[in-house]
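Chain nomenclature is as follows: A, B, C and D, assigned in order of appearance, with residue numbering initiated at 1 for each chain independently.
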Amino acid sequence: MNFTSVHMFSDVPLSWYLLLSAALFALGVVGFLIKRNLITVFMSIELMLNGVNLSFVTFAHQWHAVKGQIFVFFVMMVAAAEAAVGLAIIIAVFRARSTLAVDRIDLMKL
Amino acid sequence: MNEPVLFLPFIPLLPFFGFLINGLLGRRLPKALVSFVALAFPCASFLLVLHVAYLAWSGSLPLPWSEPNAPAWISAGAVHVSFGSVIDQLSLVMLLIVTGVGFLIHIYSVGYMHEEPGYWRYFAYLNLFLFFMTVLVQAGNVLLMFVGWEGVGLASYLLIGFWYQKPSAVSAGMKAFVVNRIGDFGFLIGIFLILANFGTLTFSEIAARLAANPAWTGGVLTAIALCLLVGATGKSAQLPLYVWLPDAMEGPTPVSALIHAATMVTAGVYMIARTHFLFDRSPFALAVVAIIGAATAFFAATIGLVQTDIKRVLAYSTVSQLGYMFLGCGVAAYSAAIFHLMTHAFFKALLFLAAGSVIHAMGGEQDMRKMGGLRTRVPITFWSMTMAVLAISGFPFMSAFFSKDAILAAAFAAGGLGKVLWFVGLVTAALTAFYMFRLWYLTFFGELRDHNTHPHESPWVMLGPLVILAMLSVIGGWIGMGHFGAYLAPSVGVRPEGRTGGLEYLLTALAVGAGALGWYIAHRMYHSPTTADGLAPATPPGYKLLAGKYYVDEIYTYLIVKPLLMISKFFLEWVVDFAILGGAAWLLGGIATLFGAILQRWQSGNLRSYAAWLAVGAAAILLFFLIPYTLGASGFDIWARGR
Amino acid sequence: MTLLQFFLWSLLKVVVVSVILLMGVAYTVLLERKLVGRIQNRWGPSRVGPFGLLQPLVDGAKSFLKEDIIPTAVYRPLYLLAPIIGLSCAMISIAVVPFGNPAITGSGGFRFFEISDVNIGLLVILGITSIGVYGIALAGWSSNNKYSLLGSLRSSAQLISYELALGLSLVGVVLLAGNLNLRVIVESQAKHGIFSWNLFGGFQFVAFFIYLMAAYAETNRSPFDLPEAESELTAGYHTEYSSMKFAMFFMSEYANMITVGCVATLLFLGGWTSPFGNLLPAPHNIFLQSILPIFWFVLKVFSFLFLYVWVRGTLPRFRYDQLMNFGWRYLMPLAILNIVATSLWLAYRS
Amino acid sequence: MHLVLFLIFAGFCLAGAINLLIQRHPITSALSLIVVMTSLAVLYLLLGAEFLAAAQVIVYAGAIMVLFTFVVMLLNAGREERTLGSRAAIVLGFPAVVVILALVATIILHAQGLGTAALREGITSTQDLSTVLFTNLLLPFEVTSVLILVAILGAVALARRGDGERTEGQ
C-alpha cells in the first residue's frame, strides 16, 4: 500500500524522448519550408526551438546535469526576445507591403 | 610579520577616478566641485604614497616590495605579464616626487586656470596624467611601464593642445606626439628584444637572469640598451629628439611645470635607472648615454642664452638639466642622476610656477623684453623665483649645488672620456647661471618696459605651492648629502662616487666658481639694461645662430619632414591610389560582376528557398560527421586527425 | 493504496472541489448582487427563496434555457472553443490550492484537503492564469465584431501588463518562504497567527496592495473592468455570446475571483491557519482539526471577495490610458522595489 | 503510468505539430503550437524538470504565443494564399529534412548508454536550478536580462511608426 507503487509501467527509454524531439524539429523545418504565411513560418521556428529544448531536457535527465535545464531556460529567454523583435519586424513588413505571404516578400529591402 | 596594507593599486587608480568623474561629468558640475574632485584624488594618492613611505621608513615594509598576487594581464605561453607594482627605494622616491609635486601643481592650477572655460577638461587631463605617471613609476615590468609611458605621452599631447583653438598649440601637441613616437618605437623594439632574450618582462626577473650570468656583456645587451636609450631620448627630450619640448610650452604653464619639467620628461632618466642592470653590462651604451647627456646639456644651454620668451628659456634649461641627469646615468652614477632629478623637480617646478605667476601678473605676456621691475610688484613670486635661480645655478648649499656637484664629481671620477664630459658640464654650469640670472634680471629688475599692463601679485592658492617649493629647493639638497646614494644603492647598485678628499673640494669650488662667473657676466650685461637684450649686438652671427636654435627645426624640416612628405605623396597618388586602389577597383569590379552573374540566381529573395539551402547544409554537415560513424570513426575524428 | 483507489479518491476530491467551487461561484454572484444592492441603497434579489438564496439556481436555469444564438459571421471553431478555455482555465487553478489541514492524511500520505501537492504550485497557478488570456482573446477575435475585438485586445493587453506586476508582487512572498510550494508557504506563516502572516509579519503589505490591484485587473473587475465597459463597448469580448456560452464567461470571471482570493489567502493571509496562532489550543477532536482550518480558509476567501464587491460598488472605472500608466509606471516599479527591499531585508537578517 | 502519460502527451505534441502544418489559418496554427508547448511542459514534468515545465507554460504558452495571436489579430491575417513558391524548397528541402531525420534517428537508436525515465525520479528542484543559475551562471543570466531589454527597445523602435508616417497617416 505504498503511495509510490503508483507507477506500474515504469520506464520510458530516453531515446523515445529524443526521437520525439527530432521529429518535432523536423516538423518545424518542414513547416518552414511549406508554410506561406510569415507568422506561421515564425511559429515553425519556435517549434524547432521547442524540439531542441526537449532534447536538452532529456539529456539533462540522462546526465543529471542541471546545466542542461538552465540552457533551456536561456533558450526560452532568448526566444522571448526573438519573438518580440521578430513580431515587430513582421508588423513593420506588413505595414510596408500589406501582405504576409512569404513568397511576395522577396525584395531585400523594406 | 603581518602583510603591510599598501593599497598600491589605488595610488594610480585614485587620480583615474578623478579623471573619470571630471572627464565624464565635469561639464555639468559646478566649478567648486570640479576643483574638489581634482584636488582630493591626487591628495589621497599622495597620502597613500606617504603611508607607503612611512611603512618603508619604519621598517615594516621590506624593500624592494613587489605586490603578491597581482592580477595577471597577459598570459600567453611562457610569457606572463601582471599588473603588479614594485616598490623599492627608486620608485618610492619617484612616487613621492610625482604625487607630491603633482599635488602642489594641482593646487596652483586651481588659481592659474580659474578663468578657463575648459577648467574641468584641464583637471581631467591632469588627473589622467597622474594616473599614467604613477603607473609608469610603479610598474613592475617593462610592458606596464610602457603603458604608463604611452599614457603620459597621451596626457602630455592633450595638455599641450589644451587650447585647441590655437593652431600653434595644436601643432605643438602633434609635434610632441610624433617625436615621442619615434622614441617609443625604439623603446618598443627594446621591449621585444628583452622579451626575445630574457623570456620575461619583469624587472626583477631580468635582473636575476643577468646576475646569474655575470659574464654576459655587450652584444645584444648593447642593442637593448641603445633601443631603450632611443625611447629615453624621446621622452626626456635629449639630442636629437629634444625638439618637441620647447614647443610644448604652448600648453598651460602649470602643465609645463608638472609634465614638461618635473615629472614626465624625467621618465627617461627613471627608465634608465630602472633598467640600469642592462646598461651596466654595456659600457658602450653607457658612454653613448653620457655623451648624449653632456652634449644636450651644453647644446640646450647655449640656445637658452638668447631666448626671449620666459617659458622657452626654462624649457631649454630643462633640456639642459635633463642632459645632466643623462650624464649622471652615463657615468653609472644613477643615484646622483635621480638625486638631481629630485632637486630639479623642485626647483624647475618652482621656476615654471613662478614664471606662471609672472605671466599671470603680466596678463598673459611671456616676452621678457616687455617685463622688468617686477621685484616690488610681485614680491613673493620674486623671492621664490630667487630661491629657484640660486638653486639651479648651484649656489652653495642650495639643492642643485649638491646634486649637480655629485654628477660632475662622478663624471670626473669616471675614466676615459669622463674628464672631457666633466669639463662640458662645468661650462654648462656657467652657461646655466648666466641664462638664469639673465632671466632674473630681465624680469624683476630695471623698469617695467610694457606700460600697458598693471602687474599684480597672484592669489595665495598659487603662491602657497610656490613657497613650499621654494623651501624644498633650498633644503632639498641636504637630504641627499651623503645619504642619498646609500639609500638608493639597493635599487640602482653601489657606484664609486667621486670622493677623493681634497680634489673633491677643488671640483666643488670650480663648479661654484663657474656659476659665479655666469652670474657675474649676467650682472654686468643685464643689471642696468639699456637695451632689451644686451647679448644681441655683442656677437651678431653667433647670436643669430643661437636665436634660431641652431636651425635644428629647419634642418629636420628639410632633411626629414619634406622628403617624407614628398615620398608619401608620391606613394599615395601613384602607388596607392592609381596602382593599388585603381587596379583593385577594376579587378574587384570585374570579379564581383562575374560572380554576381552566377550567384544572383541563388539570391532569389525567397525565404523558403533559403531555408531549403539551410536544411541542405545542415544535412551535409550531419552526413560529413556521421556517415563514417558507421565505419567506426566519426568524420570529426578524421577531420581532426588531418590537422 | 492501490492505483485504483488512488484514482477513485482523486476523482472524488475533484468532483467535490469542483462542485463546491461552482456553488461558490453561484453564491458569489448572489453576494455581489446583494451587497451592491445594499451599497446602492436597495435590496438586491430577495424574492426567490429566503433572502433570495435560491436566486443563483434560477439564474443558472435561465442561462440553460435561453436560445443559443451563433452569429453567422463568427469563426466557428474558436467561437465555440473560447468559453471552454476561459472556464476550464479558471477552474483548473483550484487544483493546486491547499485549503485544509495537511496533517490529516490518509494511508500512503494521501492528502484530503488539496487535489494535488505540487512543488511549484504557485508557478502552476501563474501559468494557468496566463493561459486564461486565450479564452478572452479568442472570444473577441472569433466573434468578428469590432466591440468584441476591441474588448478582447484591451483585455489581453491588460492581462499581460498586470500579470507582470502580479508575478513580481508574489516574489517577495516566495523569497520569505524560500519555496514555491503553496503548502510550505502557508506553513511558513503558521507560527504566531496573524503576526506571522506575510501581510503583517512579513511586511509584505506593499506587495499585497500591488497584488490586490493586479488581481482586480487580472479578473477584469471594477475599477479595471474596461474590457466590458458597457458604456463604450456594449459588453466587450462577450458581446456576441448568449445563453450558456455567456454563462461560462460569467462563471469563469467569478471562478477567477475565487482563485485570486484563494491565492491571496494562501500567500498573504496565512491560508488555513488560525489567525490566533497558538493562542487557541489546538483541538484534539479529529473532526474539529479538519473542519476548523477549512472554516478559516473560507472565511478569509470570503473577506477577500467581500472586499472585491465593496470596491466594485464604490469606485468608478478607470480610463484605459490611466490603467496602463498605473500598471507600468507605478505598480511595476513598486513591485520591483518591494523585491529589492525584501531581499535586502532577508540578506540583512541572515 | 509514465509510459501512458508519455504516449498521450507525445501524441498531443506530434498531432499539434502536424496540425500546425496542415492548418491554413494562422490562428489555428498558433493554437496547435500552444497545444505542442503545453504538452511539452507535461513532458518536462515527466523528465523531472518542474521549473522548466512552469516556465514553458508561462513564457512560451502564456507570453510568446499570446504575442503571436495578438499579432495575428492585429494584422487580421487571413488564410494563406496559394502562391507558386519556390521549387528549391520542395526539391532540395524535403530530401534534406528526410536525411536529417533519418540520420538523427539512426544515431539515437544506436546510441549506447541512454537511460530511461521513470515517474518521480530524477526531479530537479527549483532550488538546485536557481543555485546554479545565480552563482555559476550569474553573468550569463544578467547578460540575458540586458538582451531582453535590448529586444524590448528594438521591438518598440521597429513597431512604432516613424514621425513622418504619423503626420501623414493621421
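Going forward, a contact is a pair of C-beta atoms (placed from the backbone, for glycine too) under 8 Å apart; a residue touches a chain by one contact, two chains touch by 3 or more.
Bear in mind that the values here come from a model prediction, so they are computed numbers and not experimental data.
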Greatest Cα-centroid separation from chain C: which chain? B
More contacting C-beta pairs: B-D or A-B? B-D
Return the distance between the CA-based centres of chain B and chain D, expressed in whole Å. 62
If you average the Cα atoms of chain A and of chain C to get two centres, how far apart are those centres in Å? 32
When the centre of a chain is set as the mean of its C-alpha atoms, what distance in Å lies between chain C and chain D? 28
Multi-chain contacts in chain B, i.e. residues touching at least two other chains, fall at 604, 606, 608, 611-612, 615
Numbers and ranges of chain C residues touching at least 2 other chains: 3
Where does chain D touch two or more other chains at once, residue-wise? 1, 51, 55, 63, 74, 85-86, 89-90, 93, 97, 100, 104
Provide the residue numbers of chain B that touch chain A in the complex, in ascending order. 603-608, 611-612, 615
In the complex of these two chains, what residues of chain D are touching chain B? 85-93, 95-97, 99-100, 103-104, 106-107
Contacts from chain D onto chain A in the complex sit at residues 1-4, 6, 10, 13-14, 17-18, 20-21, 26, 29-30, 33, 36-37, 40, 43-44, 46-49, 51-52, 55-56, 59-60, 63-64, 67-68, 71-72, 74-75, 77, 80-86, 89-90, 93-94, 97, 100-101, 104-105, 108-109, 111, 114-120, 122, 124, 128-129, 132-133, 137, 140, 144, 147-148, 150-152, 154-159, 161
In the complex formed with chain D, which residues of chain B make contact? 604, 606, 608-609, 611-613, 615-616, 618-619, 622-623, 626, 629
Considering the complex alone, what residue numbers of chain A touch chain D? 4, 6-20, 22-24, 26-31, 33-37, 39-40, 42-44, 46-47, 50, 53-54, 57-58, 60-62, 64, 66-67, 69-70, 72-74, 76-85, 87-92, 94-95, 100-101, 103-104
